[in-house]
Amino acid sequence: MFQMIEVIGISPVSLSEAVKNAVSDVAKTKKDIHFFEVTEQRGCVREGKIKEFQVKVKVAFVE
Amino acid sequence: MFQMIEVIGISPVSLSEAVKNAVSDVAKTKKDIHFFEVTEQRGCVREGKIKEFQVKVKVAFVE
Amino acid sequence: MFQMIEVIGISPVSLSEAVKNAVSDVAKTKKDIHFFEVTEQRGCVREGKIKEFQVKVKVAFVE
Amino acid sequence: MFQMIEVIGISPVSLSEAVKNAVSDVAKTKKDIHFFEVTEQRGCVREGKIKEFQVKVKVAFVE
Amino acid sequence: MFQMIEVIGISPVSLSEAVKNAVSDVAKTKKDIHFFEVTEQRGCVREGKIKEFQVKVKVAFVE
Amino acid sequence: MFQMIEVIGISPVSLSEAVKNAVSDVAKTKKDIHFFEVTEQRGCVREGKIKEFQVKVKVAFVE
Amino acid sequence: MFQMIEVIGISPVSLSEAVKNAVSDVAKTKKDIHFFEVTEQRGCVREGKIKEFQVKVKVAFVE
Amino acid sequence: MFQMIEVIGISPVSLSEAVKNAVSDVAKTKKDIHFFEVTEQRGCVREGKIKEFQVKVKVAFVE
Amino acid sequence: MFQMIEVIGISPVSLSEAVKNAVSDVAKTKKDIHFFEVTEQRGCVREGKIKEFQVKVKVAFVE
Amino acid sequence: MFQMIEVIGISPVSLSEAVKNAVSDVAKTKKDIHFFEVTEQRGCVREGKIKEFQVKVKVAFVE
Amino acid sequence: MFQMIEVIGISPVSLSEAVKNAVSDVAKTKKDIHFFEVTEQRGCVREGKIKEFQVKVKVAFVE
Amino acid sequence: MFQMIEVIGISPVSLSEAVKNAVSDVAKTKKDIHFFEVTEQRGCVREGKIKEFQVKVKVAFVE
């Protein structure tokens, strides 16, 4: 059985980096991650430029 | 109060570049942009290759 | 009239590369592709790192 | 870059006429319209008959 | 207060006629109909031609 | 068992004509079509007028 | 077995009052209501002020 | 024809107040508002308490 | 990085109170909550009156 | 013309039994049922075991 | 790369049997099926009893 | 207040068994489970046969 955890990864660079950071962060506490699903893509803007991409990701792991 | 404007950003390179271009373009006329939400990701193809990524983005600004 | 075909493109690098690979793969058998729509973004993880991005894409072509 | 504007077109005749009226109306102020998407189809009824079809349409134009 | 009733109207001619038929049919038993919402558009096909459009409609009335 | 094929029918006239054209086109290669579902309604605009309605349709046939 | 009935409750005061009014109204004819689900929140405006909140609610009762 | 504008209203008090503030704010520049639709309900939290409700609202007006 | 936790807050009074209670409850164990999103609004009814509003809320916190 | 009625069927055994019970129950009062659509699948749990599956079903009948 | 094919499996017995039949049927022509996704659950009724469950399934295979 | 946990239950037999397994598994660590909601139904296939149904389930418990 998998358990899903939903997190928001961030990156100033790209959507894909934000996803990678989300997974890396979950990997610090969950050892057996199998897959992920992207559920939302947003970001914040300062002075007319994207400061960070914020990607909501559901990560599936085995406890 | 925020107002949302929905635009389509394009880029021959990547989904993230298309988002950046969407925000940059809105920033030409709206000075106080706070955040954005990606609502659709598409693109057009010519001769079997992606000619451009087209990403629909809602951009939130304060008037 | 367009026909839609739905495929899953993969890439170890990024969401955008996965989309490009999906389109390239369809282009091997369908000569007249016009556009694509991203319908799902997932991926698999091994040892705490993203092994591949998996992006579901609907590709529109003229037969 | 495209900008989207969302409007509701109306017609006593049909859904398609309501869409046409929505586009014609936007065309009065936006010169370079490229495409539209239907997002909702409703209508009002009086004395057991459809008084008007009301179709919500997102219209994409270049400013 | 409005009550919603969901019905499927049919027509061999068009989507709009199917909607009109749905409303007319509800009007036989509900006297005070105010508005409708289209929730699904389908149809059946026989010998390669559309035999009838089938449109699901929520109709709002005051009892 | 039914198989679904998704296509985009077009018509300069109406949404319903676009659906009919989608079904007719599929009927050229699939002999036993049973029903269809409308999944998206869009269109393109030139000089402020609708050039064509584009309706995405899932068509169900028996192989 | 539960049956669902969908109604629109209204209130000039708040979303929650509109929900309460929807339930009260259904309770006049259905004696054994168990739960409700909010499915849409809208309202009408006159002279720049909210005249009434209109909340669509599915109410579950045992006949 | 109605035009829709999407805004985010805020209130420290309740979801309904946030909707009212969204409508009031639009009413400063759009004179003929007819109705609104709630499309998203969120909020921000500071020190374990809700600092403000943030409600996304589509407001329909006649230009 | 934010982590999302999904809870159901309840209140006999209003939708907004149910959201506040959801956030307060999460705040007992998670110290650094930033924002919340409402994902579902329901409630239970006894003797024709709303006994409690039940609002599903995703709460974002930093661990 | 079909009319839709939405009900919740229950079963301690399986999702499919819950659907069958929903249809059987509607069949007690509606004589000419043609088809059904599953719209939600839930259930309640007591002492760590599923007490009953609860499946929401839209049932289409001719009055 | 996976390709998705969408089919409707049927069974007089249960939802799960309908899914199995959908997969078995696709397996007659596609040799390398990896996974499936259920996208819709319906069925037809005759004389107040379920005649068949009809489950729409997307099946992923490698060509 | 309920907390939701999302898990994926698996079964080689049926969708309903996969749901039961999901709930049983959560019951090993959460003592006071009240209800569940099915959010996704998939499965994997080997040699043209379903190897396992995989059902995503949100389980509600009181901590």
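Note that the chains are named A, B, C, D, E, F, G, H, I, J, K and L in the order they appear, and that numbering of residues resets to 1 at the start of each chain.
Assume a contact is a pair of C-beta atoms (placed from the backbone, for glycine too) under 8 Å apart; a residue touches a chain by one contact, two chains touch by 3 or more.
Predicted model, so just to flag it, every value in this text is computed and none were measured.
Chemist: Between chain E and chain I, which partner chains are common?
Modeler: G
Chemist: Would you mind checking which chain's C-alpha centre is most distant from the centre of chain F?
Modeler: Between chain F and every other chain, the largest centroid distance is to I.
Chemist: Between F-K and G-I, which chain pair is linked by the larger number of C-beta contacts?
Modeler: G-I
Chemist: Mind checking the centre-to-centre distance between chain B and chain L? Centres are C-alpha means, answer in whole Å.
Modeler: Centres of chain B and chain L (C-alpha means) sit 38 Å apart.
Chemist: Could you grab the centroid distance between chain E and chain K? Build each centroid from C-alpha atoms only and quote it in angstrom.
Modeler: Chain centroid spacing, chain E to chain K, equals 29 Å.
Chemist: So what's the Cα centroid distance for chain C and chain D, whole Å?
Modeler: 33
Chemist: Going by the touch rule set out above, which residues of chain H reach two or more other chains?
Modeler: 6, 14-16
Chemist: Give every touching pair of chains, nothing left out.
Modeler: All chain pairs meeting the touch criterion are A-B, A-C, A-I, A-L, B-C, B-D, B-H, C-F, C-K, D-E, D-F, D-H, E-F, E-G, E-J, F-K, G-H, G-I, G-J, H-I, I-L, J-K, J-L, K-L.
Chemist: Under the stated contact criterion, what part of chain C meets chain A in this complex?
Modeler: Listed in rising order, the residues of chain C that touch chain A are 13-16, 40-45, 48-50, 53.
Chemist: Along chain F, where are the residues that touch chain E in the complex?
Modeler: On the chain F side, the touching residues are 14-16, 19-20, 23-24, 27, 31, 33-38, 59.
Chemist: What part of chain D is in contact with chain H in the complex they form?
Modeler: Those residues of chain D that touch chain H are 5-10, 21-22, 25, 56.
Chemist: Which residues of chain G touch chain J in their complex?
Modeler: Contact set of chain G toward chain J: 1-4, 6, 58, 60.
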